[in-house]
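For reference, the structure discussed in these notes is given below.
Chains here go by letter, A, B, C, D and E, matching the order in which they are written, and residues are numbered from 1 within each.
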Amino acid sequence: MEYIIIIITAIFVNNIVLAQFLGICPFLGVSGKVSTSVGMSGAVMFVMTIATIVTWLIQNYILIPFSLEFLQTITFILVIASLVQMVEIILKKVSPPLYQALGIFLPLMTTNCAILGVAILTMQNDYNLMQGVVFAIANAIGFGIALLLFSSIREHLDLLDVPKGMRGVPIAFVAAGILALAFMGFAGLV
Amino acid sequence: MSKQKKPESTFPNMVLALFLVTMIAGLALGGVYVVTKEPIAAAKKAKLENALGKVLPEFDTIKNKKVPAYNGKDSLVFYTAYKSGSKVGTAVKTYTEKGYSGRFEIMVGFTPDNRIENTAVLNHAETPGLGDKIDKSKSDWSKQFNGKNPEQFQLKVKKDGGDVDAITAATISSRAFCDATKRAYETYEKEGGVK
Amino acid sequence: MKALKTFKLGGIHPQEYKISADKPIEVLPIPKTVNIPVAQNLGAPSKVVVKKGEQVKTGQLIAKGEAFISANVHASVSGKVKKVDEVLDTSGYKRLAVTIQSEGDEWEEDIDTSEEIKKEITASQQEIIDKIQEKGVVGLGGATFPSHVKLKVPEGKTAEYLIINGVECEPFLTSDHRLMVEKGEELMVGIELLKKGLGVEKVLIGIENNKPDAIKYLSEVASQYENIEVQPLKVKYPQGGEKQLIKALLGREVPSGKLPIEVGCVVNNVGTAYAVYEAVQKNKPLVDRVVTVTGKNLEKPCNLQVRIGTPVQDLIDKAGGLPEDTGKVVNGGPMMGKALTSLEAPIVKGTSGVIVFPKGEATRVTQKTCIRCGKCVEACPMGLEPFYLAQLAEKELWDRAEENLIMDCIECGSCHYTCPSGRPLLDYIRVGKPNVGQMIKNRGN
Amino acid sequence: MDKLVISGSPHVHQNTSIPKLMYMVVIAMIPAMLVSFYMFGLGALRVFLIAVLSCYLFEYLIQRYLIKGPITINDGSALITGILLAFNVPSSIPWWMMVVGALVAIGMGKMSFGGLGKNPFNPALVGRVFMLISFPVEMTRWPKPIVSREYFSFAGVDDKVLDTVTGPTPLGVLQEKGVEGLSQTSNYADLMLGQMGGSMGEISAIALVIGGLYLLFRRVISWHIPVAYLGSSFALAAILWFANPTQYADPFFHLVTGGLILGVFYMATDYVSSPISAKGQIIFGVGAGVLTILIRVFGSYPEGVSFAILLMNAATPLINNRFKPKRFGHKPAKAA
Amino acid sequence: MNQWQNFTKGFIKDNPVFVLLLGLCPTLGVTTSAINGLGMGLATTFVLLMSNTVVTLIKNFIPVKVRIPSFIVIIASFVTIVELVMQGFLPALFEQLGLFIPLIVVNCLVLGRAEAFASKNDFISSVLDGLGMGLGFTFALTLLGAVREILGSGAIFGWDFVTGDGMLVFVLAPGAFIALGYLIAIMNKFNKAS
């Protein structure tokens, strides 16, 4: 039950993009095409889960025991940056097809604040490791759903003649705003 | 432009550079940490004392202990206040999960005769303009609890058969506030009130 | 009553306006000059074999189809070849044509011009096919595909059904209808010939229910033959499209990009069957055909037997002349026909009708924005999304147009017909198809 | 003779147009409009006029001065948006909030995307949800039918009277007090005819169904979305009810209360923001039905129709990509 | 490009938010009021200025391959310094900005300027660039915060100029997207005109 609450909250009620404002840049940057948004969501899920596990271990077995919590930001970002590198190298060796699919999105992860944000939120919420993993995956799914919906809307808008002043980014934001309005309907679902 | 030669990317060079950068950064951070340690602790303490001061009568010493809540999973923190060695009240840091935007925490102060001295919202994410009226800085709504003894004053909104006037269009937040207060009171009761 | 058969997907029911349905076929007098385009069939143009100044007889070969998909062309009148030059065809393009100044009406000797119906079939399968080729018979249903090619069933495929297309689903047109009512006996012989040529056993004749007299009469005649069945169909456009017709009659679906033979069928128009009869039994080349001349304001709508190459003007004169308020003249049906640029254009083998529209109905409404009502999708008999294909074509997104099956479009026009925003969807799609075709071809290399 | 007109085939055209379709929708809404006038009196008329006039005005101003394109305010779509917007608010709404709602519906929901045919979301619902979230107090204060009508005039009404003549909607009661709360307040005949608190256009299920059947009969809308929407919401409500009738309201109650019927026939069916293919429309309807009940039963909003339809609007481009019409000559497996 | 332009380009022409579309998460996340926008903007400006300064100073001592990791360490250090200082001296604002302070470290604006500008340009230019971009960012956040506060709460910098509430949407998530969308549209128009 507790996990279900975490999942529904992260996906619908507090959607990472539409309510928490994390990962906006990739949300805007790769949402032009449905196909790339699928690849991006996959990469996010992959990295977000691993990053949450590793940072959780570091937080609970290094930073807290040695009272080094103030180094959280700097250690987390370094961990994430090197993790992304490693994932890239390992994927290339172990699963070339997966690397093909996710490859171009991986470098973007380092500057994706959704990854770091979820890692920090996991610590702030005092989740245990399992809860943290579920939280990370659910957030990645929430990211994926928002991205998928949004990219198909944008692909659709590309075929129409949006007025000049609104074309491109402005109308994308307005559409995202209406999407966020619609997501408010999920309020109180848990 | 800069025709200056950069160090080659040889392995020793890279390690050395990174090491130096990290070293310096680490030292700088350590320094700042030491400098800010005191103010940060002071700020945290000030915040707590500020809250305690709001919900309790004047005091000079505080003792705190953790007490398991009478329901719900978390434990509550009791701050017992003394003035010149005698108890003047107990503040209970309590919570609710039923807010419009989930969990929020409040502090409830009880006088030795089991009345609510005052309440203070510690943190919340309720909607600005609606649910945030539970906070004293936004509205006087929560003043209706002051001086009430929960034995006589049903900690429920009127719609649910209690004595609390709900905030217009924010019944959920009002209910949640009652939930947190009730949790504090029942636990406080179970602990035997101000012994 | 049992529900009539029809195809399920899409389709529309425009107002029928079959105002010339009860006008018997009249023979139009021989025109003074004819312009006979030498590329009248689908496929390669034929090679001209007569010279300027040469004297020709009616039915004499004037252009020979040499490529695999091409057909012979014959003189439709006797007289002198005035020139071999380009003339404007029905759609306003310049096309090579043989112009003949008519003198009398002298036929090639071996052609049987009598009225007598010759039922007995003596020709062998190969002889039938050869005769059809020699006499220049092409499909008269509109696409003018050389009929002898159709009869050669490709290796590995078997024809199970011959389907005779008597649907005539376009509004206004009645030429097939009249042919069925007046020439039933000849038609059956033509069908028997096609049957033998193809080597099939079973024949289905599909006729829409708005022609009860044709259904009744042909059923009677067909009862004298084995395995020829007349199947009444619910009125729905474009049931005459061969894919829709096969679906309606047999429930079989011709796969995308494939020919009817894939599902064991060959489809021929009733006019074609009649032409086959004449070619094989009477030795007569395809030099004339039945054309409906009609229009709401026309004085005398009629069905005329017309020599190929006759100027459209002659037909209209016969029907009482062009009304004052004429805005548009269409060669073919109102759904698929082409607007004429000039009344001098000649009747060709594929001309099934000439329709005169008054000014008020000639111009299109101005197109508005698509409101995504989906009515065009509902109407499309191929299950396409015309509004979307039009958008893709407008934005020149050819690969997405291909993914969305633009090449499956049969250009029936149902989408444009239904669109409440007056969007010329088919125009957009027509722009798209050659581009997509080119893209597919380039990929092949 | 003048020159002949040349154009591609086809040369005949069905006798329809956008305004004709739109005005049929307007005609279909007349019964529900009359009911709201009867129940809420002049106050209702006031809100309708403000909503419709502001929609026209904003559409005109934006086309004229911002887009600088052709003016198409006569196509009837702004009229529908205005009426539906008015249908979706209580008759006590202050005038300026209604104007803001119209600006959001037309300006943000429709014209920002390029106007008729371009908007991915239903404009009236964008306006409505915007208002609901911006003005939660005013948007959830429901005048009581008939009782309240004399208190409302063109000038609006003062706050003191409001509290005495407003009451909760049946769904609000359900949210607050659960199923027992309901049994005291409502009987089905009242609910069908419109004797309940609510937004102006949603109260009378019967009037709405009459209009809806008219639209189906005139083939303005197809059956897929209404049937899938009604069917799925009924089914889900029924499952919950069978599981625990003391906790969950019965499915008929869910059908006749709130904006369900209004949404099903008039808003989920908006061409522009709903899927094209029959399959897609069924998915859309089922999704909207399920979301509506989930939000009503488990969410903090008592009513979920607006949100459910907007969410499905968002999914519509995706549905259109995935669910193509049945293609002729392709194996069904491949078409999906 | 002269130094004046290095400084001013960040305000309108190359505004990080309205034109370059960088740092959007904090832009949307913290701008529920003008004061929050201003605070976040200044915090980011500090990090941007300091990291640009340090990067341009040490650029010649860092091998190419470890450039990015070194920059990250430098940026993260300054972020931590901001965190610690704010926690100690501005606890209330720190709580308001919450998660978004540590997230300055991944703000593409900061890393982007270090990588694309400071590591290639001289000291003065880099400092002016950092300061200009930072102030441009601050300007954008304050503007967005002000718009949302005015529309959403009927107030500006905490001063209520109307009684009662505004349109609540604007203090909530959807309002952030909507307000930014229209602001960008207006800025585009403005940029094109000039």
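Here is the rule we go by: a contact is a pair of C-beta atoms (placed from the backbone, for glycine too) under 8 Å apart; a residue touches a chain by one contact, two chains touch by 3 or more.
Remember, it's a predicted structure, so these values are computed and weren't measured experimentally.
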Which neighbours do subunit C and subunit E have in common? A, D
Please report the smallest number of touch steps linking subunit B to subunit C. 2
Which chains does subunit C share as contact partners with subunit D? A
Farthest chain from subunit A, going by the mean of C-alpha atoms per chain? C
Which chain has its C-alpha centroid at the greatest distance from the C-alpha centroid of subunit B? C
Return the chain pair with more inter-chain C-beta contacts, choosing between B-E and D-E. B-E
One chain's C-alpha mean falls closest to the whole-protein C-alpha mean, and that chain is D
Taking each chain's centre as its mean C-alpha position, how far apart are subunit B and subunit D in Å? 44
Quick one: subunit A and subunit E, Cα centre-to-centre, how many Å? 21
Just give me the whole-number Å value for how far the CA centre of subunit A lies from that of subunit B. 29
When the C-alpha atoms of subunit A and subunit C are each averaged to a single point, how far apart are the two points in Å? 60
Counting only residues that touch at least 2 other chains, which ones in subunit D make the list? 108, 117-118, 130, 133, 136, 300
Could you list which residues of subunit C touch at least two other chains? none
For subunit A, residues that touch 2 or more chains besides their own: 70-71, 74, 160, 165-166, 171, 174, 178, 181, 184, 187-188
Pairs of chains satisfying the touch condition: A-B, A-C, A-D, A-E, B-D, B-E, C-D, D-E
Once bound in the complex, which stretches of subunit C touch subunit D? 9-10, 12, 14-15, 92, 171, 243, 247, 253-258, 322, 326-330, 332, 334-342, 355, 357, 361-365, 368-375, 377-378, 380-385, 387-388, 404-405, 408, 411, 413-414, 416-418, 420-422, 424, 426-427, 430
Counting only contacts in the complex, subunit A reaches subunit E at residues 18-25, 28, 70-74, 76-78, 81-82, 110-113, 115-117, 120-121, 124, 165-166, 169-174, 176-178, 180-181, 184
Note: in the complex, subunit B contacts subunit E through residues 1-2, 4, 6-10, 13-14, 17-18, 21-22, 25, 28-29, 32-33, 36, 38-40, 42-44, 46-47, 123, 127-130
Which residues of subunit A touch subunit B in the complex? 9, 70-71, 74, 187-188
In the complex formed with subunit C, which residues of subunit D make contact? 1-2, 4-14, 16-18, 20-21, 72, 75, 77, 115-118, 222, 271-272, 276-277, 324-330, 335
